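Note that chain A is present in both complexes that follow, paired respectively with chain B and with chain C.
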Partner chain A sequence: MSSASITPPPPKPPVQPKPFVIHKERTRFFGLTLDETIRAFFGGNAFMAVVVLALITIFLFREGSAFFGQNRASITLYRTAGLEYVDYMRAQQEGHTALTRYLFDIRLRAVRHLTENEALSVAEANAKLAAFDEFAGRYSDTIEPVRGFVSDLTDVAVAIKEKYTINEDAKTERAQFLATGMTAEADAVKIAEIDFKAELAPLVGVTPMYVEAANGVATAINDVLATAPALPVPSLESRMTRFKELNREYLATFPETQRKLETWDYLKPVPALDTVTGFLFGKQWLTASFWQDWYGLVPLFVGSLMVSIIALFLAVPLGVGAAIYINQFAGLREQRIIKPAIEFISAIPSVVLGFFGIAVLGQALRALSQWEALSWVPGFPFSERLNALTAGCLLALIAVPTIFTLAEDALNNVPRSFKEASFALGASRMQTILRIIVPASLSGIVSAVLLGLGRVIGETMVVLLCAGNRIAIPDFTQGFTAFVQPVHTMTGIIAQEMGEVVRGEIHYRALFMVGLVLFFIALLINFLAQKIVRKYRISIG
Partner chain B sequence: MSEPLNPFASKPSRSRAFEKVILGLFRVATYFVLLCGVIVFADIVFKGAPTVARAFKTTSTFPYVTNTFLFTAPESLYVFEHDGEKKEMGDKEYRAFREAEEAKALAAGQPAPKFKAESYVYSAGGIWPAIVGTVLLVVGSMTIALFLGVCSAIFLNEYAKDGPVVRFIRLAILNLAGVPSIVFGLFGFGMFVIFFGWNVSLMAGWFTLAFMVLPVVITASEESLKAVPKGFREGSLALGATKWQTIRKNVLPYALPGILTSSILGIARVAGETAPIMFTAAYVVRDKLPWEIEKASDFFFQGVMALPYHIYVVSSKIPQNEYTARVQYGTAFVFLGIVALIAAASIILRNKLRSRYQW
Partner chain C sequence: MVNVSSLSNAAPMDTSSATPVSRAFKVPARATDGEKADTLIEIENFDFYYGAKQALFDINLKLDDKRVTAFIGPSGCGKSTLLRCLNRMNDLIDGTSVKRGSVKIRNIDINTRDVDPIELRKRVGMVFQKSNPFPKSIYENVIYGLRIQGETNKAKLDEVVEKSLRGAALWDEVKDRLHESGLGLSGGQQQRLCIARTIAVSPEIILMDEPCSALDPIATAKVEELIHELKKEFTIIIVTHSMQQAARCSDKTAFFYMGKLIEYADTRMIFMNPSNPQTEAYVSGRFG
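What follows is the complex of A and B.
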């Protein structure tokens, strides 16, 4: 058979593909089929969470970011108008005032000692302290020359600042006139350019005189101290020695102040970074003052932190303890009652808890602290009804359900085999729980505590109502009494002052910056909680 | 004769006693937490309930009974002495009384009587506008949050495959849940009140609260969607239904009850928060009720009174005394009652639902 005999079949004409009968023309939106459109719609919604987070960041920045510029202008004015210069002198005066207060404190102790331990009448005690009083009077008078300078120069500096502010207002007015095309009115607005150098002349001019006065004060203090009388109470002599030592330290700062005054230059620029550090690490939050406003986060941050520490100190043992009890010991019926009940506590609105704090808990805690039997507790007794402790106790009640629920989940996730293995090795129930189950779920428990902290630090109404709202860093030198002093918090300050500030002013911007810091703290806490869970999870294999 | 000793009985030892103490401590911790909750609850109920109970009044029209605390607007309270009697009256009543007395004196030809009244702001009348405002805020914000939340959950549970984008979205949801409520308030103020120019209004409050509660709703919805067995979807897809048809007909109907009940807890959160509405939606006092408006669009752009904000105002912005304490406790009682009812309903319904669907 030869291949030549087979001729290839003639090529068939190409078959046209038949139209697909059940093919349906699909509706298309922007090139997507209906199903894809629906998918995109749902996807868009899911993306909302990301969008909201981004929007929060954007809008907090949008309202808050101008703060730094405005704050820099404010600090620059503080310098150019000579307020800073006067504050150097004022610091000297205040150092002396603090020392005078120390002296009065000694007197108070002496009177108490004389009346209580030596059973003298008040008149007798006063008679005994006459020499001391005369000494204290002479001591407190030594600062008079400086005080005179400060009060005079304060007026000068404030006048310069006021002039500048009026000028600035005039400039804005003029700009507004010009913007609307009213040139005639714009020209009528008077703007007197301030010659800061000339204005500051009376201020800077007194430096030599002031230095002389300060030196006079130093010698006067030394003279007065040399004639200090012996105290009628020997046990207070050590305080008197301490007082003299403090005085030496105080006098040692004089040359430094003198140097500052002499080298002070009103034109020295304010570094941009100073406004950032001044905000984050500033120790004063002082607003609506005639002198100079300060926006320092530290007092608020410390307040928030203290309240949270108290809350966690109470809530962690309670929450974790309850979780262990419910998860490991409680019967089914007990579980079925207690779990919803604790969940129910988390539904109590914070404003109601805050109100409870004002109406009941504040007084109750104060009464408790004044109870004799409890006087050994550090910080007891206290006199402020609303303080960090009151707020902390209520916040603990808010944190407990969060910690409880999450810690219980974590305990639940420990595999049964861990427990069984422990029992098989002869461990008792408590040993199993404390040595096996709790360590195995520790990452979950720690993250529960962190999320509880996030809840507490972001809580507003309780601290606004119950923390006492005093903007000052508590006095930590007295130990635990710091925890029963009134504080102010980051959340509280926003809630309290936001309604009263002028939109666009520096104070308003500062509040937004506080909000931004709060936002980032919350994100950080969340991040840490997730990281801990992921990193230290015991592999269940 | 004593019982024969059980040789296997555990002997008392120090470590055993120690274990008992630890167990006792755990138990005490649990019940102490409950006790604290009960004390707060009891204090407010016992001191607040009389304010509401005392305010029941009969009326001449249907339904013949009303409660002046629940259903009237707040007024100033006037306390004064008249004819040797101590009287307490609300603003309107006091004015009417004064006019009547003056007219009486005039008719009798005597000099007009002098009234020396002390006034206490917000201490008379009731909290009706605040209740209405809270209900409006809750309804609006939950509508928005449920829509967004359920849609997100459908995407995450039904459509999305695990990948960087989905993980990013989940991370965002998790983080959103941790943002403090006051930050939401600031954000709402910056975006809705100022940037969008909605001013202090219902709309601004709705969106602020909706965004705040979004993570709760998403988590709850996803859980309910996960509870629907896979077979439901596979069966439907095998019969040729499209994805959307499957979700609409075979997944959502079974998940919806779960979604709604779990979201009730979100309602409790929305109703209970004060900080987000402080600058976005709440007025200290407003005479008009929300429906007393000139044109329909005004409805969305009006501020309202709200119960939590009212509690804040009456408990910290006005002086404390026996007259103001009444309205404080009364408001707190009503508010706590509403929130507690919502929360209890959510917990009970959820437990029922868990036992109802068994797949």
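What follows is the complex of A and C.
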């Protein structure tokens, strides 16, 4: 303590200035200093990542892009070989088949009504419906003339296509022989140029007869409908009226079909754009068919979308809820148990989850859906064990750790001072969470959800095992039952079919295109997530 | 001579000098000087712990209504802790406990079981050291307290916004940009926004924990001016490290050292004629 010492300090001896040495010899590796080496190492790694990404993109494009050319050739053949022509007729036949099915549905309801509400035996019910059955039989027979044409012409068209394909194969074979210099063998390969016009003559020649037959069908349908008997179940009358209405609509399409058939031209070129729209918006994915292969993305995309929606629908409340609980409510001990437990889920191999889905979850969900007390749930009961719902539930499990971890980070990033300020103004814990903490971390939470979506869209094993793998757009007219129907997904189809396709052929390329679409979806999701996170950093200041 | 090491060693303070050394600041006279004030807050035999660590030792203090009280003392002496005990903000920290004694506001013990800390905090507002407006508009910041109380009447809210911002001497600067983010204001404006937000819920007491420590002298002067205005309506307790600020703003000053209340008296007394030698050493700048 020196409060009293005011004596001046003693004079200091002059100090020798230290030599000003600032040079230093550095060790060098390959002519680089240590710092530069480390820099080069990390820079190299970053550069490699970019290069690999670029290579993947280029590879996907290269393998996939030839798809469009091949698809165009395929669709062109579909036209020139007359398959398209036959399909016009087939569409007409299938319209009729759908209507017949409608009649059967009415009958099914009638039987159920009679046996359940009027306590008749099945035999009595059938007896009551005899007049209806006779009518339905006559209705279903009306299409016979068209059916005959379709089955005959199908054979003709397939034969033309077959001939063309054999010829093409022969051409490649000859080209191969020529390439290796085996001229003799090359000459031995027989190639018969196809005269499509002549080959198609039997097809196109029947147009007038077919039109006549179709008109006959229309008259027959009208006649049969005029003699429709009254149903023994009055409550189903409205369905009968609807049936007649549907028939009117169906018959109204006849002139259009006739026009299409008459103006059909096998040489009309297929626009290049059709192959793109046909892929992106095509409603059928049909491969290895004897008739015509279609590569339409929609059923796969819808399948992927549906399982993702179900997964997010379950995973977002779970993941975000758990994050909020852990961040705002849980004590240290709970945190220490729950956090690793949730993060552990992501360590489960997805094939194990898929196995669990097949062995346990699918069964359990179906049993649950058939439980009487739950029949009010939309879509319940259902009979397919493996469907979009089963896959969606498991995908939710996969998405939860991602969403939880990232959302928890976002919540953690909210400055503590916001929370304190809110409490100091008399807010309750819940109000603080809902009005301050969640809004302040909202963009972080949204990007957590997006990345969870990315995880779900890209997941393959679970959907392959549990989604049911039926390539069809689910029937949305029945509301929520669409979500308990089997679907196929973009990832699933690649995994399933890639092993069976011939490298370089159209199917192989189509799968690459699907992969490319997936790639872009993933890119888009990540891009959005990053953009949102960047905005969020700014808003926190 | 200032000896910096004396504090870090927590050595007993130098008490050798009995005569006041030169003062760097004056304590101005105040209109309320002669009046007698009622007691609003009464702290009795108060012991407070962070887990096993005792932070406050046997505090006894009576704080006046509609006056400004300053808490001073070296860093870590427990000023913030005591301040946060007055609106139970320490409840948010795990493991804190009041082991003995009581804090009474208007004769009601605030640490009993049936006191709702949320209701308490509506009556005892707080302004923090670092300004912390919410990432919302200026308007929403001010009415946050009312919103959570369920107030939806637009006219009422508008009125409160204007009144509070005027009260915080911020209205003229922000009246044209009420719906812009509160984070776009300068540091001093943000701190006044936080004050506006606090007075918008019309508390009785405003606790300020070093409200000017992050502000430049001009912004500080504005806040100090504001404190003079606010004390007509509110009771203010301010923690500060600036002796000048305590001298300029407060009516009474409490000096703390190592968790204990050393001296509590009129500000004039504390700065001109402290009775305790430790206080004397601290306010004259010879330690701390």
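Note that the second predicted complex is superposed on the first by the 494 of 541 C-alpha atoms of A that agree within 3 Å, B and C clash if a C-alpha of one lies under 4 Å from a C-alpha of the other, contacts with A are read in each partner's own complex, and residues count from 1 in each chain.
Rule of thumb we're sticking to: a contact is a pair of C-beta atoms (placed from the backbone, for glycine too) under 8 Å apart; a residue touches a chain by one contact, two chains touch by 3 or more.
Predicted model, so just to flag it, every value in this text is computed and none were measured.
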item	value
Contacts of A:A272 with chain B and chain C, given as first, second, both or neither	neither
Contacts of A:M209 with chain B and chain C, given as first, second, both or neither	neither
Which of chain B and chain C A:A201 touches, first, second, both or neither	neither
Touching partner for A:L374 - first (chain B), second (chain C), both, neither	neither
Greater chain A contact set [chain C / chain B]	B
Partner chain(s) touched by A:S428 [first = chain B, second = chain C, both, neither]	both
Which superposed partner A:N526 touches (first chain B, second chain C, both, neither)	first
Which of chain B and chain C A:S417 touches, first, second, both or neither	second
Partner chain in contact with A:D35 - chain B first, chain C second, else both or neither	first
Overlap of chain C and chain B interfaces on chain A (superposed complexes)	428
Residue ranges of chain C touching chain A (in the complex, touch as defined)	1, 3, 6, 14, 16-17, 87, 89, 92, 94, 118-119, 121-122, 125-126, 128, 130, 132-136, 144-145, 147-149, 183, 194, 197-198, 201, 286
Residue ranges of chain A in contact with chain B within the complex	34-35, 38-39, 41-43, 45-50, 52-53, 55-56, 59-60, 62-63, 317-319, 321-322, 324-326, 329-330, 338, 340-345, 347-356, 358-360, 397, 400, 404, 428-430, 434, 451, 454, 457-461, 464-465, 491, 494-495, 498-499, 503, 511-512, 515, 518-519, 522-523, 525-527, 530
Interface residues, chain A side, partner chain C - complex	1-5, 331-332, 415, 417-428, 431, 435-436, 439-440, 539-541
Sites on chain B touched by chain A in the complex	15-16, 18-19, 22-23, 25-27, 29-30, 32-34, 36-37, 40-41, 43-44, 148, 151-156, 158-160, 168-169, 171-187, 189-191, 194-195, 211, 214-215, 218, 242-244, 265, 268-269, 271-275, 278-279, 308, 311-312, 315-316, 320, 325, 328-329, 332, 335-336, 339-340, 342-344, 347, 351
